[in-house]
Structures are given as C-alpha cells and as structure tokens.
Amino acid sequence: MREIQVHELKRVELKNPVMIEGLPGVGNVGKLVVEHMIEELKAEKIIEIYSWYFPPQVFVNEDGTVRLCKNEIYAWKSPKLDMLILSGDQQSITNEGHYLLTETYLDIAQRYGVSRIFTLGGYGIGHLVEEQKVIGAANDRELVEEMKNFGIEFMEEEPGGSIVGASGLLLGLGKMRGIPAVCLLGVTSGYLVDPKSAQAVLRVLCRILGIEMDMQALEERAKEMERVVERLKKMEQAQAPVRMDEELEYIR
Amino acid sequence: MREIQVHELKRVELKNPVMIEGLPGVGNVGKLVVEHMIEELKAEKIIEIYSWYFPPQVFVNEDGTVRLCKNEIYAWKSPKLDMLILSGDQQSITNEGHYLLTETYLDIAQRYGVSRIFTLGGYGIGHLVEEQKVIGAANDRELVEEMKNFGIEFMEEEPGGSIVGASGLLLGLGKMRGIPAVCLLGVTSGYLVDPKSAQAVLRVLCRILGIEMDMQALEERAKEMERVVERLKKMEQAQAPVRMDEELEYIR
Amino acid sequence: MREIQVHELKRVELKNPVMIEGLPGVGNVGKLVVEHMIEELKAEKIIEIYSWYFPPQVFVNEDGTVRLCKNEIYAWKSPKLDMLILSGDQQSITNEGHYLLTETYLDIAQRYGVSRIFTLGGYGIGHLVEEQKVIGAANDRELVEEMKNFGIEFMEEEPGGSIVGASGLLLGLGKMRGIPAVCLLGVTSGYLVDPKSAQAVLRVLCRILGIEMDMQALEERAKEMERVVERLKKMEQAQAPVRMDEELEYIR
Amino acid sequence: MREIQVHELKRVELKNPVMIEGLPGVGNVGKLVVEHMIEELKAEKIIEIYSWYFPPQVFVNEDGTVRLCKNEIYAWKSPKLDMLILSGDQQSITNEGHYLLTETYLDIAQRYGVSRIFTLGGYGIGHLVEEQKVIGAANDRELVEEMKNFGIEFMEEEPGGSIVGASGLLLGLGKMRGIPAVCLLGVTSGYLVDPKSAQAVLRVLCRILGIEMDMQALEERAKEMERVVERLKKMEQAQAPVRMDEELEYIR
C-alpha cells in the first residue's frame, strides 16, 4: 500500500472530456448529484483510488461483502460530450491528504485531456432553505462571466468566503496547471442530506453542459425529504422532542 | 526504531494455517476470544510487532517490570489445522498506521501461506444485549454463503455499516492480495468488556474451524459479568447513582 | 505539489533589507500592520508560497474567482532602506509545518541578505485594553537594549511567557543562522480584530526603521472598532444579548 | 532543520555514567528533581536537542531574549559517580516524536556508555497525598528486586498500569538495547506542581546513587506549596470559590 494507489480498471478514449467532482460534503449535495448522473448515464467505472488518507475502515455491501473506503472515476461518452465523473466514499481525513489526493485527480484529468472541471457541493446556511439557489466560484475571470449566464450567483457580496476540500482545491491547484474549473454549490441548510439542493445543482449543470437527464429518482428523494421536513416543522410547532436520527434514516 | 518493527522470535513450519485476529476494540470481544484461545491451545509466541503507531507508553507487568506496547503473533499446530493468532495491546492511533500495520499482518500471513483470515470483534448496539448473536461480513461472496451455514447473520439489512480498524482492513486489503477473510462480530452493548459476547463468537469460530475448546475460563468471566450487570440493573431500578468504574474493575 | 512550494514571481535587487513578518494571529495585529504597509508603500509582490501545511481550502475573491491559501513576500526599495514584507492567509496547521515554513522564510531572508527581522503580532490579555502598549522580545541581548530606547517594554517581569508560530520561530531559528530578530507584540484583548493595537505597533516600527507612513486607513478602521466597542459596552450594561458576529463584520 | 537536531556543545569524558531523565510531566515532579540536581551539582550543559516534535514556540527569558523550545543534557563528574542529566522544556507533541526522541536520548546514552538509566516522574492519584510515596517500575526483574531495598513500592498490585512518554519509553526501548533502566514516580495529586513529591523522589534517588545533596531549595518550594494547599483546604471548607490560577502562581 502506498499513500495513494490508483487502480486503472479500464483505459478508455475520451475527447477533451469535462470532469465532474461530487465527493461527500455539506448536505451530501455533490455526491447525490454525481451518483444520480452515474446511474442515469450508465457511466462506466474506469478507476479506483485507495489511500491511507481515507478513514481506516471498510463498508459493508448489501450482500454481506465489504469494500475498502475508496474514490472512483467513471467515464461516459456521447457524440456531443465526453465526461469523467469523480465520486467516492470519503474525502481525505488529513490536511496533506487533501492536497495530495487532489493532485492525483488532476494527474488523471490531465492524462485524459480534461478541458474543464466542475466541482459540486453544498453551501450550508444554518437554516431551512426557502428558495433553491446555486452559487458559484471559478478559477478564471472569464469563466465567472460565462457562468453568470446560467443564473449562477457568484459570491461577490461575500468575499473572504472559502471552499474547503476537493471542491475548492481542484480549482486552486487546477489553475496552476491551467485547467479551467468551476465550483457549483447548492444552498442548503447544512443539517440534512439535501436531494432538493442536489436537483437544483444538477439542473444548472445540465444546462451548462447542454445535456438532458431524467431527474425522477432525485425528485422522489426530494419529495421524501420534504415530507420529513414538514413533519419536523410540525413537531417543532408542537414542541414535541424531535427524534432526528430516526427521521433521517428515511432520506439517507 | 523504524515505523513498524517485526521481531521474529521463532520460525515455525505451518501448513496453510488460518489466521485469527483479535485486537482491542468494542467490548474487547476479539481480544477476549484470542487471549482465551492462546491460553487454552497453549499457542506459542513467534512474532512481536513494535511500532511508533502504537501509543508512546509502556505497560507495567505484575512483577514490576515493563513491556513496550506491542502486537504479537502466536502459532498453533495440530494434525487437523494450523493457526496463527494475532493479539496485542493496542491498535494504531493514526490513520496511516492502521493501513500500514494491516499490511504488515498481511505480509506475515502471506509468508506463512495463510489460507483464510478470521477477524474478531464486537458490534456495539448501545443497550444491554438480550440474546447473544454473531453477525458477519466477508471479502468474498461465496464466503458469505458458506458462513451463513454456521448461523452467522450478515448485515444485509444494514448496508452502509462499516468496520473500523484491523478487523475491517484485513478484509479489504486482504482481498487485494487474494486472501479470503471473514469478520465475526459479537453483538454487545458497547459499554462493558463483554466475555459473554466473546463466548458466542468463540463458539461459532470453533464450529467453523471444526475444533473443540474448553470454555470454562470465559464462562466464569461471563458469569461474573452477569452478576455485575444484575447489580447495575437493580441499582438503576433503585435509582441509586451507579458507580460504573468501581463495578467494572471486577470484570476487566 | 511538494510540501512547501516557493513561486518566485520576480527577482529584485535589495540592499541588506529588513524583513517584516505579519501573519495571521492574535487580534490579527501583525497582519493588519503589514497589509497597511504593503498598500501604503506600494510594495511589490515577488514571491508566493504554497504548502500542504496550510488548510486545504481556497478563498473566494470579490470577483468570484478563487485563490489557493498562500503566504506572500513583497519587496520595497527606497534610498534609505530596503524591505521584504511577509504576509499571508494562514499559518501552518501542523507543528512540523510551523518549523519548516519558518525555515523557508529564513532561506529567502538569507538569499536576500536580510540584516534584521521584525516579527509583528498581538499579545492577548483577556480584557479590553485601556492604554496601547507594545511589548517585545529579541533573539539577542544587545537588540533588547537597543529596542528599549523606542519605548518597547520587554517581558522581563513575565519570564516563562512564550511566542507561538512564525513570530516566535523566526527569532529562535533565526538566531541559529545568526540573523538578529525582534518580535513586537501589540497588547490587545484577544477577542477582537484590533486595528488600534496595529496602529501602536506600526508607530513603533516606523520609529525604529526611521520611516514615515500615512496611518489614515488604519486610523479609520480603529475608529470604527472603537464605535463597535462602545456599543458592546453599552449593550453589556443594558444586559442585552450581544450579537458579536454581526458587529464584527464591520471591522473585519 | 531536521526532525531532531542534536547540538553537541562540548565533548566530555565520563566513566559509565548513569543517566537521569526529568522531563515535564504529571506534577512536574521529574523536572523539579533534575532542575534541582543540575543547580546543586553545578552540572555542565553539553548537548541541546531541537526538534519539530516540540511545540512551535519560543520561550521568553528574563532578560527579554528568547530561546527555542528544546531538551538539554548536562554532565556531572565526581570521583565516585558520573552522570548525564536530561532536562527540557517539553516532551514531544506527537506519537511518533515520542519514540524518535527517546531513540535519540538512547543514542546519546550509548555513546557515553551509560550503565543505567533513571527516569523520574509523578504518579497522579486524583486527590491530595497524605503520605509521600515513591513507586517504581524497571525493565529488568533483578533491577526490581534491587530497588525494593530502597523502599520503592512496585506496582505489582496494579498490573495493567502504564507509563506514558519518555519516562516509560526509555525503559521499553532501553531494554531492546540492553540498558538497565528504572522509573521512579512520586505519588502526587496530579493537580499541582508538586515539589514535595519531587523531594521524596530525590531522596530515594540519592540513596540509590549513594550521593548527598542539599535539599534546601526544594524544601522551600515544598513549604510554599503546603501553605497554598492549606489555604485551598480552608477555602474549600468555607465553600468560597477557589481561584486556583492565582494561587498557583506562587508555586510555579
């Protein structure tokens, strides 16, 4: 075991693909989006990444087998657009690991001639979200302007904000390698896994990429979540003690 | 001192041994089982493992001497079955160390031609256990099926669960080396050192391995523990303040 | 990405410059001073330092673009005095990183023939400051005496005190390389970003360096801060709940 | 700067010296003892040890100068006995550092042909100590017996106890190199810097080494501490809120 181990399962030919990152984070927004995309697009897993920067644990699959904590890269080809999708169980649990894993993702991006990176995540505001919104940041001034056309708000009124983890570092370290990269953050409470925010992010992303995608599955999870939130609100009004843990199991 | 130092005390010949791991963890279940096995089988210590991933401390023996924090491997030979048993004072206290120590255990397993690994531990449920149960996971689909024949429940209804530390990583990293491995977890409260759960795990393990073992010692510790639990329950009913620390000294 | 990466943007000729360090810390005093100096003196950025010892994040600029967490070195030349100014987003978040980053700053100092280092920071006393004061420490006995002439109090009555981070290590590790270094700490509450304390430090520093500088900008921030403190005091008297976060936004 | 840097200030000839370690720890007992010894014996500093495993800080001396956090070794020669004394500002703040610094101390011990190591510390019992007592542990069975003759109690009734940090590791790692080593722990509350416990340890140590030493200075600090403890007790009886911080300043 080396600190980061890249297992290439399959070598595919891609034409200037875009890379989409959706690792676990606030509201699990990014991960929900890319998991949905992988399923809908039937993207193909081509790379597994293992690392001692991930937690020292295995996850138990539905069939009783286990799998090591890992990150994965999927490929998708279409006449119009090729894509690499980065998904995974966890982000690094050390500082150094965040930097080194991001460099690994960028090495892969460069090997495949990635033309642009989109990193996806959630932006926690500490209270329930009234209106779905997607805010953004980019590693290039022109890219900021281009993205504004898609209704993304840029955090100009909030300078000094920061983006932690792979979603941020892919922009920062990506710039050093000359790869244009945009971060799209769905506004979310920060308390709940948020498929509704994920839907908002996916919608914007599809518009940017010029692709269409069935959102049924995310829609259903979002509705389920809304029901939970409604119940939470009622319970709060009734001042009954809220048993968050149990409730949340429905929407995980 | 290197990061991990393997002291081979004795070289033995073993025939496709199984490896049993029982390092400290939830309810100390795994450690109780392997300590009992080492004593009952009169297994022989053949390897000591020192590492700066273990806590920087020495333990004081009964005779006033000290020993460095370490892990140990014992060997046992019989006409029917050979065995390596991994026991120890502590698990790694860093993330990286968990991965690297597990690789060390696997190096030793491969050197001895280990045919199968059993990792033992506890599965904490947060309340007192009514009925002893052993749940499992394996790094191979066929192994899951085989183990079901021994009454082990697999966590199929609970996907997303995870196994932390050596008990999990030996399965995950073992798979990469093609070594079949099973994890057996005794259900336990998670609050107490649990010889009763250890007994349940040992019973299943003996059945799987086709060996018999006197359980007297574990039985006695389990009875002692039951008395403590009874007292705890009564005190709880009487709403008297429970002095856990003192009570627990009896069963450590 | 190496652990510390020094990007030299421009090579300038300097004549035995002094180095001024003002990285984030107590009351942000040091950072406020050097940011003011860089602006007033129109100092030129010559070096960027990236490191995986900085937090794994990017900061969002006002125009929606991002920048990697970094430290920077600016140069300033004048007929009378040349200067290197060390500023930055963060200090190291690991122990080892503090030492290694400081060694990097000293490597740069030596490459430019730095004749003396001034490290700037705040000294938190846990309550509002009545009278502005600058206390000091130095890595050389003669330097202590020299500095006393400028009204700096030395912590002689308080032996056993310590200076954490780059402001301290530049003195300690600087001494090993024979570079004289002084630390100037503005006394501050430790609770608030403190432009008033920064002003006091800058005033003393200008006197020592024999330069003059417009303090208007710092003055204004200090006045703003005083208004906030006044409001805080009143609210405290009225025993109204103080919303620190909101208040502080004005003076960040 | 390397991870551990040994600065040899002076090379002395010693004849099978004993090594005495007294680094900061519980009740600062070990450090109080060796500081007293260094002063009383007028031992000579021969080695300074710097390391990035120490906290990233400098300490301010009484004259306003600073010194890097470090450990030091002093030498003392007498017709009857030669000695190396290990003192210092701090212990390692990482796990790995504890092991590597201890190896460094042992390297030095071996270079000087150290015949025996004594590590000194405190053993916190969580309440005020009625009767001074010194308990011990050793890395050799014969050494345990030998030490019992000096009235040291061995923790035989308390197996499973552990000794953390350099005081423990010097025994454990020392054994691997064949260096006999004893740990002497003064029983102490664990809440206060404890010169009284230090006195008890020093007394036993002098008896073992067959040397005499003036204890006036420690005696005075112990008396001062007793006065503070008396005051604390009275305040406790009066149920007045105890301002520990202030009180403790007297005896630091």
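Per-chain residue numbering starts at 1, and chain names A, B, C and D are given in the order in which the chains are listed.
In this section, a residue touches a chain if its C-beta (ideal position, glycine included) is under 8 Å from a C-beta of that chain, and two chains touch if they have at least 3 such contacts.
All values reported here derive from a predicted model rather than from experimental measurement.
Put simply, the C-alpha centre of chain A and that of chain C have 37 angstrom between them.
Centre to centre, using the average C-alpha position, chain B and chain C are separated by 53 Å.
Chain A has no residue in contact with two or more other chains.
If you draw each protein chain as a dot and join the dots that touch, you get one closed loop, with every dot joined to exactly two others. Annotation, chain-chain contacts: A-B, A-C, B-D, C-D (touch as defined at the top). Of all residues in chain C, those touching chain D in their complex are 92, 95-96, 98-100, 102-103, 136-141, 144, 154-156, 158-165, 168-169, 171-173, 175-176, 183. The touching residues of chain A, counted against chain B in their complex, run 1, 3, 52-53, 55-69, 93-94, 252.
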